[in-house]
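Two complexes, one shared chain (subunit A), two partners (subunit B, subunit C).
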Partner chain A sequence: MSNPLISARGLTKKFGDFTAVNGIDFDVFKGESFGFLGPNGAGKSTAMRIIGATSQRTSGTISILGKDPELHGPQIRAHLGVVPQQDNLDMQLSVAENLYIYGRYFGLPRKFVKGKVDELLAFAQLEEKRDAKVETLSGGMKRRLTIARALVSEPEILMLDEPTTGLDPQARHILWDRLFRLKEQGVTLLITTHFMDEAEQLCDRLIVMDKGTIMAEGSPASLIKDYATKEVLELRFGSDRNQEMGAKLRTMCDRIEELPDRVLMYTDDGEALLEKIYAADFHPKTSLVRRSSLEDVFLRLTGRTLIE
Partner chain B sequence: MFIPMAVAIADARAGKRGERVYSGRVPQLLERGFIAFKSSTYMIVISGFLEPVLYLLSFGYGIGKLLPTIAVGGESIKYAAFIAPALLATSAMNGAIYDSTMNVFFKLNHDRIYHGMLATSMGPLDVALGEIGWALLRGFSYACAFMAVIAPLGLVESVWGLLAIPAAVLIAFGFAACGMAITSYMKSFQQLEIINMLLLPMFLFSGSFYPISVFPQWLQFTVNLMPLTHAINLVRGLCLGNLELALLGHALYFVVMIIIGLFFTTKRLNALFMK
Partner chain C sequence: MSLTQIRQGSLVLVDAARVQSRGALYVAQARIRQMMKWIWLILGIAIANPILYLISVGIGLGGLIDQSVGPAGVDGVKYLTFLAPALLAQAAIQGTMDETVFPTIEGFKWHKTFYSMNATPLSGVQISYGVFLTALFRAFYTVVLYFGVMWAFGALESPRAWLAIPTAVFAGASFGALMQALAARLEDENIFFVVLGRFVMMPLFMFSGTFFPLTSMPFFLQWIGWISPLWHATELGRHLTYGHAISPTMIWVHFLFLGIMLVLGLFFSARIFTKRLAK
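After this line comes the complex of A and B, so read on.
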């Protein structure tokens, strides 16, 4: 593989006594879609801000396209498109004006930016909203506008911090579709998320973070293979009985997790296990066999669920 | 290899002075100001212009009837001609303060517009200078408009009065730089009110409506420390044609304000956005 676009070693960020990012190492390569998966407060956004040259690390090294963000902030930011967790669109301007002025902030010539605005309005499916004020847009539209805005400088790296948090399922799918297109065009994507389905859909490779450290790294498929079984059997015995039943079922599978609302049994053949359970005269109220997901990986690594 | 234009533009600035905090994008920020201005509330703009005109009408012609002339440095001048320069200086201050406090606070804490700006290849000094530049443009237009009212009324005694316009811009610059620096440290709208609480007494006691020589020594001393006193003395000196060395001293007061204000604004924006 070629040289990484982004390379971090022992990257650490402290706010007073609190260590937000604790000595993490990672490399991001050109054209890949790289994810930071973890619960709120895992240090994902902090890591993103350091990459985005808007936060200074406490220690460790990081190089973005061979440069140190601490020394060359504006030059590095010229390569990046940033979609922050919290929208920061210019409320005093219209949709098209938001795109236009953002291009100008990069020092781009007027004519170039005007052409870009039309192209991006089409990309974000916001042509009809061209002259609308930003306030009148729905959450999904604002998000698409923020992504379009981040693309105005034709960045090689697009950084998305929790891109679909707060959106309804339909808006999420529209957004994912737009991100797929960018990926196909060769844009390197950096995504933080606490949604495992989002990570599975969008990321070629990801790091699982918890409390500022990296718990595991790999493709979604390889992480599931390494840290979970092929299938999961979910059983519900009623909230007060899950613990007790879990203890009795423990010997029947490779691994078991007792959550307050359900028991998760890890196995390569869920249906077969379920038959065995009925044969042994256990009677769960509901049962569900499903594929293992990144949620299971996270549970295995940390003993906690992603969304608590 | 394809190099995006944004990258080429940023790379061209490599090695220049202050490249980490400044990218030469003040014109682009002023452009934003104009675009936003087109659809803004004209009332704020109009009231900024009307305020000094109303003061001039009510005080100049009201009190002017009771007190036709006033003695300044051995000369007697029309009362309206005495207060007009003070009102010019005050409107420059008010415009600059409005733009650099309320407006800036909103963009900083509510709309988070600066966060978006600083994710581009701009730096915090671009943002600071751009916002202050916009405040100056506004100060400049108010000064011109007010001058267009008072000059035909014969309230500007000297040709040197033309210099009152650049002087108003200097004054606006000083107040805007300090206003933005202070605002960047503020946490709530309530704290911003402190600025307004300081401005009103400063306006009333800084010799706008009568010479400060009527005050006791200790109050004169205090008033002489206030920036608006220097602003008024500078503009009044120019409008009356009283060219004296002290005018340079007043101007210098604002140069110092500009330097201090810009220093703290950039420092604070850096701390806020690069934390």
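After this line comes the complex of A and C, so read on.
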């Protein structure tokens, strides 16, 4: 494999007594779509800000595009496109102006940026909003504009921190479509998310983070294969009985998780297991057989759900 | 649906060295673009303010004062002439303050735009200088307009009166730089605005020898003037617009005071910007 674009060893960031990122190692390669999956507070955003060459690490090493961000911050940032968790657009300027001034921050020539603005407005499907004030845009439009803005300098790596948090399902799908196009075009993507469906859709490879450390690393499929079964049977017996029923069902499958609202049974054949359960005279209020997801991987690794 | 190809990975496109030398100007360009959204309001205030002040206080109140002091005048001149240089400096100070404090709080807190700037090759130092440069620009045209109104009111007596323009801008720069550093440290701006308005701006305006010579104040209150950039600029402005007598040493003291304040303000502002962005 070629040299990684980003390579971190023992990367650590402390805020006073609190360790936000605790000695993580990872490599990101060109053209790859790499994800950080974990709940809020796992240290994903902190890691992103270090990779973004804005926040300084406490210890460990990191090289981005072959350079140390502590010494070459501006040179590294020249080749990154950053989409922060919170859209920090210029609210007083128009959509096109936001793209234009951002291109100028990279020192790009006026003429080049003007052409780029048209191109990006088309990409973000915001051509009709060209002269609208940012204040008047919907959440999804603001998000697309923030992504378009990050592309103005034709970055080597596009970094997205929680790209679809707070968006409605339709806006999420439009955004995923845009990101998927970028991925198809070979753009190196770095994504943090606490949505497992997002990680499954967009990431080739990901690390699962919790409390500042890496719990597991791999492709979504391999993580599911390694840390979960093919299928999951979800049973609901009513909030007060899930715990009790879970204990009774334990012997019927490899692994079982009792959550407050439901019991999860891990198996390679959900339907067969369900039949066995009915045959044994258990009567859940509802039942659902589904494919295992990264949510199950996370539950297995940490004993907790992603969204609490 | 469009099928726009997004190009990527042209490592030669962005010239980080170019940004390193001109970054502050790029920030100022963007800030001026924002300012242009309000330009008619800003210009309206910049012209209405001196007209209203010079008519009401300068001519209205000034008429009474001129009558009671007789031909000796206030500091040897009409009250209007005495008052105008102080208001000129005050206009510069107000202009830089508006253009440093609000954008700084907006950049760090309200819209977090400084963080988006810092995600480009721009550094905290450049962002801080860019905001400051814009404030200087605003102070400059505000003062020029003010000066024009002063001229129309006949408040200028000396041929070198125009030199009061740079000294007023200088005072604005000193105060603005310090305010920018303070604003950059703020976590809670609400208390700041109350304190700033009532316990800083108001006393400075009232007790900097603006409406009467500082020496006519009780001695124990005169220190407010000594630490006020407004007083230092007013003394220089009076010297330049009508020949108010000050010793060469004091001229140096005034410049030195404003200069030190400016250097400290810029230094701390750049430092606080850098630290806060890197958190």
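Simple rule for what comes next: the second predicted complex is superposed on the first by the 308 of 308 C-alpha atoms of A that agree within 3 Å, B and C clash if a C-alpha of one lies under 4 Å from a C-alpha of the other, contacts with A are read in each partner's own complex, and residues count from 1 in each chain.
In the analysis below, a residue touches a chain if its C-beta (ideal position, glycine included) is under 8 Å from a C-beta of that chain, and two chains touch if they have at least 3 such contacts.
Quantities reported herein were computed from a predicted structural model and do not represent experimental measurements.
Enquirer: After aligning the two structures on subunit A, examine subunit B and subunit C and state clash or fit.
Expert: Here subunit B and subunit C cannot both sit on subunit A without a clash.
Enquirer: Thinking of the overlay built on chain A, is A:A122 touched by subunit B (first), by subunit C (second), by both, or by neither?
Expert: The second partner, subunit C, only.
Enquirer: On the A-aligned overlay, A:Q56 touches which partner chain: subunit B = first, subunit C = second, or both, or neither?
Expert: After superposing on A, A:Q56 lies in contact with both subunit B and subunit C.
Enquirer: Using the superposition on chain A described above, determine whether A:M252 touches subunit B (first), subunit C (second), both, or neither.
Expert: Once the two structures are laid over each other on A, A:M252 reaches no partner at all.
Enquirer: Quick check for you: in the superposed arrangement, does A:L151 touch first (subunit B), second (subunit C), both or neither?
Expert: Touch status of A:L151: second partner only.
Enquirer: If you stack the two complexes on chain A, which partner ends up touching A:V187: first (subunit B), second (subunit C), both, or neither?
Expert: Touch partner of A:V187: subunit C, not subunit B.
Enquirer: Could you tell me if A:A171 is touching subunit B, subunit C, both of them or neither one (first, second, both, neither)?
Expert: Once the two structures are laid over each other on A, A:A171 reaches no partner at all.
Enquirer: Who does A:F106 touch here: subunit B (first), subunit C (second), both, or neither?
Expert: both
Enquirer: Can you pull the subunit A residues that subunit B and subunit C both touch?
Expert: Residues 52, 54-56, 73-75, 77-80, 82, 84, 86, 88-93, 97, 101-102, 104-108, 149, 153-156, which sit in both footprints.
Enquirer: List the residues on subunit B that touch subunit A in their complex, please.
Expert: 4-7, 9-11, 13-14, 19-20, 23-25, 28-29, 31-32, 35-36, 39-40, 111-113, 115-123, 273-275
Enquirer: Within their complex, state which residues of subunit C touch subunit A.
Expert: Per the stated touch rule, the residues are 1-2, 4-11, 13-16, 18-20, 22-23, 26-27, 29-30, 33-34, 37, 111-113, 115-123, 277-279.
Enquirer: Could you please specify the touching residues of subunit A with respect to subunit B in the complex?
Expert: 15, 52, 54-56, 71-75, 77-80, 82, 84, 86, 88-94, 97, 100-102, 104-109, 112, 149, 153-156
Enquirer: Which part of subunit A faces subunit C closely enough to touch in the complex?
Expert: It comes out as residues 52, 54-56, 65, 73-75, 77-80, 82, 84, 86, 88-93, 97, 101-102, 104-108, 119-120, 122-123, 125, 149, 151, 153-156, 158, 181-182, 185-188.
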